[in-house]
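Chains: A, B, C, D and E, in written order; residue numbering restarts at 1 for each.
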Amino acid sequence: MQRIGVFVCWCGSNIAGTVDVKQVAKALESEPGVVFSTDYQYMCSKSGQDMIKDAVRDHRLTGIVVCSCSPRMHEATFRKTASAAGLNPYMVEIANVREQCSWVHKDIIIGTQKAIILGRAAVAKVNLNAPLTPGESPVTKRALVIGGGIAGIQTALDIADAGFEVDIVEKKPTIGGKMAQLDKTFPTLDCAACILTPKMVDAAQHEKIRIFSYSEVSSVGGFVGNFTVSIRKKARYVNEDICTGCGACVDKCPMKKVPNEFNLGMDNRRAIYIPFAQAVPKVATIDPNACNMLKNGKCGVCAKVCTAGAIDYTQKDEYIEEKYGAIVVATGFDPISLDKFDEYAYNNSKDVITSLEFERLTNAAGPTQGKLLRPSDGKHPEKIVFVQCVGSRCSSCSEKGKEYCSKICCMYTAKHAMLTRDKYPDTEVYVFYIDVRTPGKSFDEFYRRAVEDYGVKYIKGSVGKIVPEGEKLVVQGSDLLNNRQVVIDADLVVLAAAIEPDKSARPLATMLTASMDTNDFFTEAHPKLRPVESPTAGVFLSGACQGPKDIPETVSQASAAAAKVIGLLSKDKLVGNPCVASSDELMCNGCSSCERVCPYGAITYEDKEFRMPDRTVRVRRVAKVNPAVCQGCGCCTVACPSGAMDLRGFKNDQIMAEVDAICK
Amino acid sequence: MRKCLYKDIHKIFARVAEKMPLYIPAKTGDEKAEYKKWSEGDELFEGLNTVKSPKDLFFPQSEDLVRFKTEGKNIEITDVREDKGPFAVFGVRACDAKSFEVLDRVFLTEPRDSYYASRRENATVVTLACSRPSETCFCKTFGIDAGEPGGDVSAWIAGDDIVFSANTEKGSAFLDIIGELTEECSCDAVDREKEKIAVIMERLPLSDLTTDGFGGGKTEDLFNRAEWAELSEACLGCGTCTFVCPTCQCYDIKDFKSGNGVVRYRCWDSCMYSEFTKMAHGNNRLTQKERFRQRFMHKLVYYPENNDGLYSCVGCGRCLKSCPVSMNIVKVMKKLGGKKND
Amino acid sequence: MNSNKLCLEIIRMSGTDPKKCMACGKCSATCPAYKEMEYHPHQFVSMIKNGEIAPLMESESIYRCLTCFACVERCPRGVEPAKLIEATRLAVVRQQGKNRVTPDSIPALLDEDIPQQALVSAFRKYTK
Amino acid sequence: MQVNEYKPLIVAFCCNWCSYAGADLAGNNRADYPAEVKIIRVPCSCRVNPTFVLKAFQRGADGVIICGCHPGDCHYTSGNYYTRRRMAMLFSMLDYLGIERERTRLEWVSAAEGAKFAATMRDFVQKVAALGENKRLEDLRCKK
Amino acid sequence: MQKITEKHLAEKAKDLLSQGKVSAVLGWRRGEFDYDVTPALFTDADEIENGLVYNCFCGANLSKYLVSKIRAVEGRMLVFLKPCDTYSINQLFTEHRVDREKVYIVGIPCNGMADITKIRNAVGEGITGVSGDECLRVETLYSDEPAELCLADVMSERCVNCKSKKHVAYDELLGDEGEVLDSHRFDEVERIERMSPDERFAFWQRELSRCIRCNACRDACPACTCEVCVFNNPASGVESKAPVNEFEEKMFHIIRAFHVAGRCTDCGECSRVCPQNIPLHLLNRKLIKDMNECYGEYQAGEAVGGVSPLTDYTAEDGEPGDLIRRRDTDA
């Protein structure tokens, strides 16, 4: 049985004005468990708190009920008071007799009656309270960033600058991501490589940053502060530590016809290759699907020419296990496949290209050394049609397109159109648009310049079909403003393909137990207030893996995620919320209902041996709640059919006792 | 003996109901029947067995015993028993009438159960002989004569008449109440009816079932028999058999916290439940096999051992009809009866 | 029936939802009969959405639509303009005496180049 | 309100993050609502077990209202979505059993909606009062 | 179509036992009468030959037994499952209550099970023999001529509205595969929905007041496999052993319906075993119907794994009021 002290606060006249506090204190004195009951002008004042401390000592109180303002105001205060008096802070309950009573009810009789009932409910609850101790878990002061694009690089740099070790895992042979493939960046038109490559170098040279390129995460265990991650370093058949990146092997490799993925297959590379000149790490990688030596043991030229002796055909995939306190997902995006959009003839004509391909075509380091030439015949295109919203905002064709707006296409299309007109003023440039969406600093001005200063012809409407005819592409579209159908004989068509999360994100989300939306973008812990955190504690989101983003947005989110990680890693220990769910394994059926509704992936299962009453041993699957991950919503308690799952601090019997007390 | 036309039975009911509440078996839905308080329009259910037996009238499924009321730190205790006064129950079959004897031996021996006793004393039991027993009936196994149903008044439906015969003082008083609706008669028609019943009883599929191998003193023979495992394997552990049984008398006393006090009540319990007689150390019957065995050992061995050979099964056949998995005392008796563990 | 009610009826008959339209114009961009039509597929969508049904019902456009369903196939929002046009045509045909083709008019239409099947289906489609 | 008017007993389960804060705001704004409403704080509306609702009726409540964050705003991202499904099923089931549907309600009240909280409570109390005492889900043992 | 009889079942069982593929067989054992068959575990061929039965009284769903029985057996257990029983077993697999690897499922066809209460109502007391399948010959003590009954007329309520003749889980099938049926199983629910609230209240009051809380519905239910049922657990706040009053009667059945919501495969065992013939399946079906209408068609146990409507959500779900209002406008 508890020994409960009741403290009724006057809050000056705030409560005492419409609640007879003396009567409340007196009425609650006779409640079961109550051994002391009093009232005071300001319970939250120092003398009020001292009064509580004295009463705890004098009356050997085990529980406290404060009838005062909202617990959202002073629950923490009184918990500290209890703590100072040697009580467990969770033995305190607040009856909210100010916001819910004196402030909303004018009549003192009614107010007093209700205050007594609210007090009674709090007493009933405290009678069933149990001391709670928040779990503590140590924090591994290292972070993992998954994805080495601009988002991952920025996050890693910020975390490392704060003094924490960071590992970047990048699945490609080099970091840099999509931004490395871009030519210029909107709206300022500075060259992507010029602003990105210094950051790549910074990351490579940072003493706190390790880059695992050509690597993938293969499994994730543990929880916030204590993740264990297994990283698969794919065999690149080149000893990274020795390779100097001189490129001699690349020059001599006889396998010359391997499509170059960095240039989206618009030119070729060798079987041993360095993706691009500024690659980080600048080491060669052998493509095992193209290399003759690896495929049938014939060749070995690269090993012969490598003076450093870095080539190692026997290299195997290597698994590295590391511990981290925080994980940042920065897996980025990809343009969608356009295979299913027959009307655009993407698969029928080399001269129908995506915007990313266009970036490579105009990039000085691209397949045409920056000259805008048609992929089919290398001629200079005179009429170019840009088509926006290809696969975006597509609500009826989920199997081929995306329902959302890809956000960045309007701006890069304006950029492409403008740059084309700038470099080749003789070119006619058309842009088919549905809406031009340019919210962002200097964005609309940028688009207007394309129209007004560069004479790009924007047509409000869509393209219905593109038919290659001879050297031309016949583009049939609608011009809605003039209510006519237009036909343009174009030389080149550029499709602004929708973007989607990288394909590796889904399996990664499963490993991380991080939730995703229906489009496979990672879900935020709160769409407004916690936009860079995943609902899974310790997992943070950076860049386009969370939703379509342009570079400035990506970088700011990357830094924001870093700030959250730094906040987490600067703690020595994580003190959990003790009001977490816990499962009574004797009653648990192991049915997985709770796991399915847990937004945090806090529930796992284990097979446990039970000694049955008849002395047999039975192995049963039971749920386990990780208190460091559980946030205490209690959703699982209702999903649980057997009632094995309960929520500390808001236990079933506590809530039902409150119901009883109120309905008494 | 007194008789009246069976089609005028409702007049009898009306007359009795003027004097005291009358309970008769009546239909509750399309298919099942229950003992219920008679009111105008209710018709006697002519089938044999109600789902629940009439033991409900003396030992209801749940009854409040006492109420504790807390006011602040004071507790006030009130006896909340309902004293219903005299009542009559009509249409009780021989097996159910016999079951009262089984219950009496439990509740009326010291310490006497005053709740039960009061209802028994207040009740006039009018029985009715079975002219069309069911294939599940086996009262004969326990020496019960379906043609001599007993109780305070025995009744037979003989031809177009219903014939009454008082067995006790309460019975005579009952016949006085219905006196002017009935006329004196000889016992010839009843004797003919009894003979008919005796013939039918012989024809029943379970008429050859005997209690050989059971009874007091057989604990050691039966307790460790291997067959219990197979017999109990389908048992779901529900309480259907116990709750429909006229002789099962186990109950639990529980407290219900009403918010403004405590209601102490008792309710039927079932030895088939895993929580039955659960104690601080846990449960003494650990598996369904043991719980299953308990129920039948109690009916066929322990009870007769302590009650002069009286079995606490009356062969009413309710459990045969109600068990969700069709496991029942007949199957147990056939499997274990007459054999020794060797 | 007033024009708004008729529009709702046409929407119901077609089983489509013109409110889903985002005015991209892809239906009209893809339409092979565009030049033959006074009102184009996107106009059907927007006019029916806005309750302007009379001009459409009076227009020859409803018979110029080839029902090739290119717009249905291409529409990124699942609005399915051809179904709206079809429903409009039905609404007209259902009116008394509004059969587009009568048995008498068939002989005049006979032409070696027209497959007989086309006539049969036109007859089915354009009459009550 | 008149003195002799029938006063229903209302149990309101409020989620800590939105609706309880909304009730606090109603208090801050001195927005009047009937004293028959008694609030029980839960971390999230998804903590409310259908059993609690039934228990409240058993104990003598005349109406039960559950308040949570607006869909999409749940502090725990998805709790209120589960609540919505569970309560839709519970309320429908009660309706199926012939129990007055106005006795139960689910409302979304944000921390900024003090006025909505008060108005909702006023409306709910009025609707429940019009039904009179809860007879169809009462437990006579719990009556005084 | 080959007709599958108990002979085929027995052959199959003996076959698999002798091959050592299974070490025990879960089936139905012959009783005293033709209709009182009992679920049973067989381990040798003779027992199977003499005891195994399959007729229109084998209504008992054997899937739940696996939860407890499978522990007692080394190796795999053969279980005979009717189409509707296979949904239950899938649900048990989903909930990790039965290990798939330890079960060998032989799917058997089912033409609907007979309800002995209905037969009794038709022919009266004293049933001494029931034979036949589509057409039943019922012999009684009180009539020299056997009565002829059509199975369809005395079919269990749940079989009248059979939802599926298709086996959704099996290792082997005896006979031909059936199909999912358009069962009209919600017709009765709709009929109740169309009643006025007062009529509905009276209807359920009448039905539920007969409850004797024998727990047969719960103990037979393949979804009720909790280690400790809340109604047996004093700490749950709802524990009770008797239908003390109207509230308790309702509370028990509402909570039970909720605990199995989204998990109930609508196998109908609850109603079959109820000694008082309370149409308990109409509570579960109501929830199934509501969930289907609100959250898309869902059949528990149709496949292993996945989420049920109450462990899932979409942002566009309707509000509780919408559901009831919509019904009002429909009515």
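By our rule, contacts are C-beta pairs under 8 Å (C-beta built on N, C-alpha and C of every residue); 3 or more make two chains touch, one makes a residue touch a chain.
Quick caveat, the model's predicted, so the values are computed rather than measured.
Among the pairs B-E and B-D, the greater number of C-beta contacts is found at B-E.
Look at the CA centroids: the one farthest from the centroid of subunit E belongs to C. Ranked by how far their CA centres sit from the centre of subunit A, the chains are topped by B.
Between subunit C and subunit E, the centres computed from C-alpha atoms are 53 Å apart. Separation between the centroids of subunit A and subunit D, computed from CA atoms only, is 35 Å.
A straight line joining the Cα centres of subunit A and subunit E is 45 Å long.
Subunit A has residues 597, 639, 652, 656, 660, 663-664 in contact with two or more other chains.
Shared interface positions of subunit D, i.e. residues touching 2 or more other chains, are given as 50-51, 55, 59-60, 72, 78, 82, 86, 139, 141-142.
Multi-chain contact residues of subunit E (touching two or more other chains): 236-237, 244, 310-312.
Of all possible chain pairs, the ones that touch are A-B, A-C, A-D, A-E, B-D, B-E, D-E.
Here subunit A touches subunit C in the complex through residues 343, 389, 393-397, 401, 434-435, 460-465, 476-480, 483, 485, going by the rule given at the top. The part of subunit D that touches subunit E in the complex is made up of residues 50-51, 54-55, 57-58, 71-72, 78, 81-82, 84-101, 104-106, 136-141.
Subunit E meets subunit D in the complex at residues 192-193, 195, 197-205, 236-238, 244-245, 247-248, 250-251, 254-255, 257-258, 261, 283, 286-287, 290-291, 294-295, 309-315, 317-324.
Within the complex formed with subunit D, the subunit A residues making contact are 70-73, 96, 98-101, 103-107, 110-111, 113-114, 117-118, 121, 515, 523, 525-527, 535, 579, 597, 599, 631-635, 637-639, 647, 650, 652, 655-656, 658-660, 662-664. Residues 20, 22-31, 34-35, 40, 42-43, 70, 74-79 of subunit C are the ones that touch subunit A when the two sit in their complex.
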